[in-house]
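These are the structures, in structure tokens.
Across the two complexes that follow, chain A remains constant while its partner is chain B and subsequently chain C.
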Partner chain A sequence: MVNDLEPADRDIAMVFQNYALYPHMSVYKNMAYGLKIRRMPKDEIEKRVRNAAKILEITEFLDRKPRQLSGGQRQRVAMGRCIVREPKVFLFDEPLSNLDAKLRVQMRLEIRRLQEDLKVTSIFVTHDQVEAMTLGDRLIVMDNGYAAQVGSPLEIYERPATRFVAGFIGSPGMNFLPVPLSADGQWAELPGENRLPLQNGGIPSHGGQEVILGIRPEHCDLAGEQDGMMHLDVDHVEILGADTLVYGHFGEDKTRLTVRLPAMHHFEKNTILPLIVSSKNVHIFDKKSEKRIEK
Partner chain B sequence: MEKRVVFKHKFLPYLLVAPQIAITIVFFIWPASQAVYQSVLQEDPFGLSATFVGLANFVDIFTDEIYLHSIYVTAVFSLSVAVIAMSVSLLLAAMADRVIKGATAYKTLIIWPYAVAPAVAGVLWYFLFNPTVGIIALYMKVLGYEWNHSLNGGQAMSLVVIAAAWREISYNFLFFLAGLQAIPKPFIEAAAIDGASPLKRFWTITFPLLSPTAFFLIVMNIVYAFFDTFGVIHVITDGGPSNATNIMVYKVYHDGFLGLDLGGSAAQSVVLMIIVISLTVIQFRYIERKVNY
Partner chain C sequence: MVEHRPWLTFLTHAVLISGMLLLVFPIYVTFVASSHSLDEITSNFSLLPGSHLVENYTRALNVGSKDVGATVGTMMLNSLIMALGITIGKIAISLIAAYAIVYFKFRFRMFFFWMIFITLMLPVEVRILPTYKVAADLNILDSYSGLIFPLIASATATFLFRQFFMTVPDELCEAARIDGSGPIRFFFDILLPMSRTSIAALFVILFIYGWNQYLWPLLITTDESYYTLLIGIKRMLDVGEGQAEWQIIMASTILAMIPPVLVVIFMQKQFVKGMTETEK
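This part shows the complex of A and B:
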């Protein structure tokens, strides 16, 4: 427990959101500051800083002041300041949020590579789910100060523990439909009077109750006219190149649904699309507690 | 797109800047030029005749030991005022920056002395330290220290320095506090994680980031000590004992209005004018280019 320790005694290093590089010190001094405070011999400091600068490819900037650096370079210096300390834990506080999109992707890869090389435990706080999915070995999804779920990124994607986690991971977000279950819990009644049979013997414990059905946009597929479960009335289409996002509604109470279809599609507004969803890909949550109901 | 405001009326713009110009002319340009003019004249005490003497007045004051002593006194006085006022206010501001409860009341109290006129501040301190009725002088006597600033030059200097610095502390406090509050907290947190103690953090991170404020205040404090402390000196010591607190601006008044040496006094004020102009130049040049991180 580090609760009673001063920050200095916790053997941690932190990359701040705005980097917090000391503006009046050169890059070299910024990186050497923590070591100097700890009274490390000069030649050892020099060695560590040079080494970290080499890893991060910032050797040529060592004499510059932070304000003379670009965002990506500052980011590296902030990481260099942590590396030289050789701490037990790295803390990253949304370090990529101040960078532009292209640089963010690049730095994301570099952080991952660096972390694998240095093998130092790192805690990375982010709002960006792509960062969370790609950087994390283990993911903790925080909801209002509570850890809603802890697990590997794939685990969280495939088996979200609550409705919050399910809606948070994945882009565009998961569709949530309130649906009634049959009395024996073997199937769910979709809007538009179609039945979705549930796998693995259904959920008899919730038979006859209303539950929340979660369907990821990427798990809906186009179907033939006859076997469509949901007949989506298209409102709006976003063509992203590799795939297409279709926004629309279906059923009597106009349940909204977002669908991601692979490849280019062009749909006119008000086209009716027959869609199917595989029952192995649906998630079911309790209506009250919003917790996952295991099948 | 032409975005500037264009006055159609030819006369109006001049009318609008006229008050400012008039004030500058009446209260600055005119007296200043009079001072320069008089500094090259030798006038009799009754103001009946004047002769042009060139730079003789300047030669006179710079060979006058009392004047050279006055320059020395001024240097000691203004440096002491600046150092004391700045260090105390920095300490107060650093502490006020950490106060959360009652911070507004605390800050208001510290700012109050600035509302007191220099002469009134002088009177306050004069009474506190008065050898006959002053309460501080009394306590010092109890502790076995004889205080009499009308006899002891060193004590007189200490007293005017305290009285002058006291008021300036409020002014410096405001700027230091604003400066401290403008420093982003992550810098301090980063230094804490790097292992710096609070004192070390202050000297290696906070203070360097405050340096533009500090430099501005050094110049402001020296200008204040040079000119605005006339009232304090006048009320407390009259420049005495034996010129121990006779700073340059007081000597201008003393020689001109009491000694009626108008030419010499004018020459002294020209010297002061040159000093304040160079201080201003230093401030504008240096503060904007060099103190920059």
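This part shows the complex of A and C:
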């Protein structure tokens, strides 16, 4: 068990959220410190530090103190300190959260590239789902100290195991509608007296019960006047350029729904939009346990 | 100042200069007195420097005042040993104590911290009798150990270092542990260099504190060869019916001011940094 080992003996290296560089040491010494303690020969230390500095493109800063560096450069030094150790596992504790948005995207790509080059197992903690989806080979979604789901990013996107995971991954978040199922479990009764057929023979085990229907905003499409399952009353529109976010409500109890439509649309407030959703793209969760219901 | 008003500049300078004159005048008088002969001081004292400067200082340093039995040179050395001993000892002990309180989890940690903190409120004078008794039983009266050790524990410095250590982010300690440094290495490699400016600031304060100690050395030294300079000056004044040697006293006073002033001048930059700057 790694719990019984001193942190130094675990063969890990960690990048901290605030980088935790030693403020009084130069960049070179920061990176060399761990090696020096391990009594590595001087020329070997020199070689490794220079090499890591070259990979991270910080060679010109080796003699500077951390406070003379920008956020992105400090971030690199923190990673350099890990690389020189050549550990079995890298730990990243929200390393990008102190950077501005543009730099964050750039560092994200660099971390990914670095990880692929070095081929070292890395555990990356993040609150940013884009980071999670792009960096991870396997995701662990933590909910209140428990692993809610473990799997590849796509698996988690396509088959979220709980309502929490479903709401966490994806932006804007998934829509959740409480709906009753028909008695035989073949149909979901949508608000506004429309019925959504369920795939693969429905869910007879939950026939007649109320469940939570999850629909991602990007899985709703505009439909003809007659085909519409949901008639969305538009409240608010956000045009992002590549696509448009529509916020609205429908049905008697004014169920709220967010929809993401490709390309630009200029909808006035209170326009009625007929929408369809494909039944292969809906997720059904148990109302009480909030777990995914599989057919 | 953003505003440029001539009369305001004049006023501020006038206040500054008059304040400075007020402070400097007594020191000037002391200096002038140390350059006259005793006759000149007692009969008609002029405010211009006299011609016995070198003679007075040489006599003070090498011979000392009559009836005291120790030269000012010896007493300065004693004062210096005591002040440095107290300063270095206090800083070393406080650093270690603060390190323990902040970085180690042990039983009654807060109890010990509060015990140290409470002693902040006790001045030396309050515990002087029991301390004297202890020093006497340990046979360290009339010795440098006796001058230094009873004054070496410092709640103020411990508290100051504790506050500083608490501002050091925990991640730094964790990073050092992952890098493989143990408690001792962490202390010497990381914490100590980071507290350099606080140490410098404390050094100035504590050196002056140690140099100006009066009551404790007065109590425990009876042997002239352990007199500190401040005690010496007091002894020079205690001449009863006779005539105090003012020129020597004034020379000794000027000499007594020099080391603290030097410490302040040389450590000024670090001192100000330590008082204002938080590292990083």
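Just so we're on the same page, the second predicted complex is superposed on the first by the 295 of 295 C-alpha atoms of A that agree within 3 Å, B and C clash if a C-alpha of one lies under 4 Å from a C-alpha of the other, contacts with A are read in each partner's own complex, and residues count from 1 in each chain.
FYI, a residue touches a chain if its C-beta (ideal position, glycine included) is under 8 Å from a C-beta of that chain, and two chains touch if they have at least 3 such contacts.
This is a predicted model, so every value here is computed, not measured.
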With the two complexes overlaid on their shared chain, look at chain A and say whether chain B and chain C clash or fit.
clash
Tell me which partner A:Pro7 touches in the superposition: chain B (first), chain C (second), both or neither.
both
Looking at the overlay, what does A:Gln68 touch: chain B (first), chain C (second), both, or neither?
neither
Overlap of the chain B and chain C footprints on chain A, residue-wise?
6-8, 10, 12-14, 16-18, 20, 22-24, 33-34, 37-38, 67, 81
Flag every residue of chain A that touches chain B in the complex, lowest number first.
6-8, 10, 12-14, 16-18, 20, 22-24, 33-34, 37-38, 65, 67, 81, 85
List the residues on chain C that touch chain A in their complex, please.
169, 171-172, 174-181, 185, 189-190, 193-194, 196, 279-280
Residue set of chain B touching chain A in the complex reads 184, 186-187, 189-196, 200, 204-205, 208-209, 211, 293
Applying the document's contact rule, which stretches of chain A touch chain C when the two form their complex?
6-8, 10, 12-14, 16-18, 20-25, 33-34, 37-38, 67, 81
